[in-house]
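Take a look at the structures below.
Two complexes are shown next, each including chain A; its partner changes from chain B in the first to chain C in the second.
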Partner chain A sequence: MVLVLVLALGDLHIPHRAPDLPAKFKSMLVPGKIQHIICTGNLCIKDVHDYLKIVCPDMHIIRGEYDEETRYPEIKTLTIGQFKIGVCHGHQIIPWGDLDSLAMLRRQLDVDILVTGHTHQFTAYKHEGGVVINPGSATGAYSSIAYDVNPSFVLMDIDGLRVVVYVYELIDGEVKVDKIDFKKTTAVTHSAY
Partner chain B sequence: MISDGVEDEDKWLAAGIAGLQQNAFYMHRALDSNNLKDALKYSAQMLSELRTSRLSPHKYYELYMRAFDELRKLEIFFKEETRRGCAIIDLYELVQHAGNILPRLYLLCTVGSVYIKSKEAPAKDVLKDLVEMCRGIQHPVRGLFLRSYLSQVSRDKLPDIGSEYEGDADTVVDAVEFVLQNFTEMNKLWVRMQHQGPAREKEKREKERSELRDLVGKNLHVLSQIEGVDLDMYRNTVLPRVLEQVVNCKDDLAQYYLMDCIIQVFPDEYHLQTLEELLSACPQLQPSVDIKTVLSRLMERLSNYAASSAEVLPEFLQVEAFSKLNNAIGKVIEAQVDMPAFGAVTLYSSLLTFTLHVHPDRLDYVDRILGACVKKLSGKGKLEDSKATKQIVALLSAPLEKYNNIETALKLSNYPRVMEHLDDGTNKVMASVIIQSIMKNKTCIFTADKVEALFELIKGLIKDLDENLHDELDEEDFKEEQNSVARLIQMLYNDNPEEMLKIICTVRKHILIGGPRRLPFTVPPLIFSSLKLVRRLQGQDKDTAAEEASATPKKIFLLLNQTIEALATVPVPELALRLYLQCAEAANDCDLEPVAYEFFTQAYILYEEEIADSKAQVTAIHLIIGTLQRMHVFGVENRDTLTHKATGYSAKLLKKPDQCRAVYACSHLFWVDDQDSIKDGERVLLCLKRALRIANAAQQMANATRGSSGSVMLFVEILNKYIYFFEKGNSQITVAAIQGLIELITTEMQSDNVTSDPAADAFLASTLRYIEFQKQKGGAVSEKYEPIKV
Partner chain C sequence: MMKRVPDWLNSSIWSSTPPPDNDRLNRYASKSTSTIAATAETTSSTSKSTATSAVESAIEPPVPVPPPIVVIQEPPKPEIRDPLSNNENGSSASSSAEEISRQAQFLQELSKKVINMGELRRLSSQGIPDGAGIRSTVWKLLLGYLPIDRGLWSSELAKKRSQYKQFKEELLMNPSEITRRLDQPVSFENEKSKSDCSGLLSRLEITHGEHPLSLGETSIWNQFFQDTEIIEQIDRDVKRTHPDMNFFSADAQFAKSNQEALKNILIVFAKLNPGIRYVQGMNEILAPLFYIFKNDPNEDYTAFAEADTFFCFVELLSGFRDHFCQQLDNSVVGIRSTITKLSLLLKEHDEELWRHLEVTTKVNPQFYAFRWITLLLTQEFNFADSLLIWDTLLSDPEGPQETLLRICCAMLIIVRRRLLAGDFTSNLKLLQNYPPTNISHLLYVANKLRTQPAHQIF
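Entry: the complex of A and B
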């Protein structure tokens, strides 16, 4: 089976709210190990874009409200393996962080996995046949919405109809890993209409 | 004519080699038939080729090497002759009958070698004889090669300690004496070359001299290899004699080379112990000698020696190495008035490296060196010389790398004074180096004083140093520069809130004079740093906070308001709006209603007056609605005012779809899940109906302008919102309403003149699936959804 690893991260807010990615994360993000990157936005500067490009050239990036580059798209959908994935920063979905409103977007984009950010809080919900993921803030940047944010990012291992979502969190200087499993019921089909 | 040059030289060399080879052939024949007389005859003829004056040193060397090889065979023959009964002393006398002096002396040295080996006479006697006899050749090139030959054949026969040639009469003292004498004579010959020939060929002569220098230097190498030359002998005999020759020859080429040779060839511990003597020679050298390079190399060697092992460090202290070197450098700089800035800085740079290795704890030494540098540079204003500025950057970077802690550098009082002498460009380079150093070492705790000192050092990045001169800095480079300052601001932290506030005020003071180009980069990190402080203060017990404490959220918000105002000078209204909203949320968390209201007011003013771009407006309105939705601090009136405005803005966006989406987003302003007081079902419905009207209008417009209605996507979105509030328990949203909307959409989709939109179709489908899904869930949810027919 071909290994398909998808890195999902965002809300780094470099240099407005954080000086750099945590060193322990940087040492984990070795070039060549990851096949795709999904970025929820708010890098905010070109430096960070260039760094991520080295980690993996296939980068899908969405516009956050503080991003220096204004030409990133607001919404994007892509297919990786058997999964349709939708990405949006999340400041456009009100109320912020509300699961039902995010679920609405997931329905609208007709995707299996919806990745959003903005709240800086890691969440992963299995919700009526799909998954809604927020990889949190990779630098643990200040957020008006969440207090005491730990730096975090997500790695998705896509294997056929199954995806394992690993979340890496930096807690008190140590990297802790957790995971959730998700299996979808049907393969990707093209629209019947 | 010498100008015929290389071609002729090659001819002469070829001729010389041919002659040499021919005579060698006959010599071999004589050797094979044990014919001593003929052997001597032909070897002398062969050696006569070396009498030539026509070859440059480079070519002469080729001839010499061939002769050397042949002489080895001859030496073997001589040895066999002595075994066959010929007395060595007779042989020694016999070779002196050779006609010309040069061949005579080469043969004599060769026999001398056999003589010493035979031990029939003390080595020292033979060596003395030979070294004196060689005086017969005063021609520089021929003499140097001859003496080099002597050195080569005698090398393994010196009466060193523990050698077989050591005896009662022969000691290492004699060995040393021999080598020193050879060295002295060779140096004299070498120097003499400088003055031969016409003035116009000076360059050519110097090049030729350069080719020969290793012949002279070899003697020093031999001295260093003699076992018996211990520290005492080095200090009392070798060094004084060598230095004497170096100083007295008054030749800058020789002086530079030999000083360097001494430093490289003898052990570092000897140098340490004879530092005084070595350094005192320096001012006595010719002014044109590049003494700074010599001293730099000495200091480099000593630095490496210090770095090699901690055990040698006490030695440095014992000989007071630092003060000796410091004084020596001072004297050299004083003596060479015309020394360019680059030279002086290089010297101080080497001394600094030395100090950092040997006395890392003596910050006063480091500061002293920087002070001496400042003194040398004073009166020169900003340096133009790029070599000098590069050296200064190296000088200033060294303490940063060594100590890995900006605090130490900040303690060096002369550090900023040195930076004053850099031109603006290099000043900025240095400032970047300082920032990089801080970024690498992340454990620094700052105080307001340290921050003040730091920002003084990096002022080149913080503001325009010269009012009139505007940097033609590349846009990319400028951004990188300012982003590094932004990152730096993130590093300035102190646990104590009072001190932290002082730090923030210090930073603020500096960045506010940065000008409109810099503010968009430097203000945001300061704002967020302040908001983090506010949050820390929130956590503190309100009772324990002292009355006089200046670090209160209220005071910080005041500061924040004034700081964001500064962005108006740029102007960057979109950024300012975002920052005002961030502050509003923070004020909300502190229960400061008037403060929060004021921030919203500022944000709204910016929206109305400054943000004209339609795309920017859409993002801005979403941020406003999203933030407002989370506010719990507002009383009814304030909330109403702000909500009313927000919905008004939403309805006035340029594009109808944007209007529609913003308006239905506003519906959430009337329904907040965690607060029962904000659950106004009626107004939610009003919003959604308004959204529907806009969606309708959009359809009609599309019809009128394009002939067919646009997609039903907006209707499906609004349907989903209906369902959202229905599920939340908004009694104003009835099953009938939902049903009706579904029918409306389905009818529209089937209508002929509606543009087919697969995305909208899929969305409707997944919405209906959702309703089904909820029906299957069981319990209260099922009951709710049951009536809806899909």
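Entry: the complex of A and C
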């Protein structure tokens, strides 16, 4: 079985609200381990794009409202293994961070996993056979609705019909890792990857 | 006072019919005398120009057996499109009869209830016939994989093969699967609260701090990523193994699965031996073993060739492991020390040559002997010839390392005239591209270098 690791992160707001990723995160993000990167948006500058490119060349980036690169799409869907994944920054979904509204988007895109950001808070909801994940802010940047933000990102280990979501959070200077197990019920009829 | 050329090298046996007791010598001596006289120099160049057509055609490298006997009784199997099958040369009826009788001797020995290893070794030292899967079985016996009691064969084989299967399952699993198996009992409970309801997904603690980005030394993930480098190296080397042989390099399913098997063996070995891991060159030592076992006419042996090869590889390498460990290079058991032994052996038997090589022309034996010794001469001769050399290596009671050194020494002595006439550049070039040689003769010379007479050992 081939290893498929997908990094999901976003809302870094470099350089406006944060200078860089936390050092402990950077030391873990070694090139060669990760197969795909999903970015919810608000990097905001090209340097961050280049850095992430080194970590993994296969990137899927969505446009956040502060991104300086205007050509990222607003919504994207992709298939990795048996999972259909949808990505959107989230400032378009009102109320911000509301499960029902996000669930509507998930149904609309017909994806198993919807990854959004904007709230700078890690959340993971399950909804009707799918999952809605928010990886939070990888730099712990403040948002318009939260000041005290712990840096966080998410790493998904996709293995057949099962995904293990590892949540990395920097709390009081230490990296804490949790995981979430999710298994989908039906297989995709064809795999686009 | 410099020692002269050893007397036996100048003895009269080279120009007259030898005593009939040594089979190999017999075969060698039936060549024309002009060839024999020029033996001390390059055997191939002179032998190619001899008038005798039978002998001339017999020297061609693809022929696996000693030159005068060129007919292999059994038709080549269709899968072997390799050196062992190019036997189109004709020969006299008597040589094929001899070949049949040798095969019969082997088969008789192998069919005994308890194999007489001494007798088997004696037979093998003169070369193992290519047909009937004899070499495959004999090598397994010589390497101690098969016990001498035939009755135990099936149980031993079953045990070892299942052990290998277990190794593969445990070691070739990626960490994702490992964590899934560890978590199996926990996840079943979660399944009950089914996906119909919405709500926050529960966060679980990770076991033993294991996560994919872990940098911990003991983390299975970290070890997995570190192993990836080695696995890539193994992959590269396996793809480069014997590019001229269809068995390994053809653009076909069977060749790919052969390469897959080589990779699996090397990966399992590397993981089971963290001290030595994988070193470039191990693939070359592995290749002949796998080739022989996989081409066994016995279907059972072919099916489990990978498992059998693994254990035989471990056994074969056990005597030479220290050569692959860089930290042991300068130690008493390391490669430098072995090369020094070769040097001393040469000095003992042919001081004139030794002096010329190491002192006058300053050809440091490390320049040529390193590859000879670490790769067990697989790179110096064609595939078929190296199988014959391995027959002797594996069967000699003195052990593979001692035998290897004697063969290397013989290799030097055989080309002594060219070496004595050459300077640093030409000598180095000659030794790094060793000319094709009559293997029988080479092994005969190596035999003569024994400190004890051969008949006392067997």
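Throughout what follows, the second predicted complex is superposed on the first by the 188 of 193 C-alpha atoms of A that agree within 3 Å, B and C clash if a C-alpha of one lies under 4 Å from a C-alpha of the other, contacts with A are read in each partner's own complex, and residues count from 1 in each chain.
Please note the rule applied: contacts are C-beta pairs under 8 Å (C-beta built on N, C-alpha and C of every residue); 3 or more make two chains touch, one makes a residue touch a chain.
What you see is a predicted model, and the numbers here were worked out from it, not measured in a lab.
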item	value
Partner chain(s) touched by A:66 [first = chain B, second = chain C, both, neither]	first
Which superposed partner A:183 touches (first chain B, second chain C, both, neither)	second
Partner chain(s) touched by A:95 [first = chain B, second = chain C, both, neither]	first
Touching partner for A:27 - first (chain B), second (chain C), both, neither	second
Contacts of A:174 with chain B and chain C, given as first, second, both or neither	neither
First, second, both or neither for A:107, with chain B first and chain C second	first
Partner chain in contact with A:128 - chain B first, chain C second, else both or neither	both
Which superposed partner A:144 touches (first chain B, second chain C, both, neither)	first
Chain B versus chain C as contact partner of A:159, first or second or both or neither	second
Overlapping contact positions on chain A, where the chain C interface meets the chain B interface	128-129
Chain A to chain B touching residues, read off their complex	13-20, 45-47, 65-66, 91-92, 94-96, 98, 100-101, 104, 107-108, 110, 128-129, 142, 144-145, 147, 191, 193
Residues of chain C that touch chain A when the two form their complex	174-177, 179-180, 183, 186-187, 190-191, 195-206, 209, 211-215, 224-225, 228
Residue numbers on chain A that touch chain C, as the complex places them	1-3, 5, 27-30, 32-33, 99, 103, 123-129, 131, 155, 157, 159, 162, 164, 166-168, 177-183, 185
Residues of chain B defined as touching chain A within the complex	439, 479-480, 483-484, 486-491, 521, 524-525, 528, 531-532, 535, 578, 582, 585-586, 589, 619, 622-623, 625-627, 629-630, 665, 668, 672-673, 716-717, 720-721, 724, 727, 756, 758-759, 761-763, 766-767, 770, 773
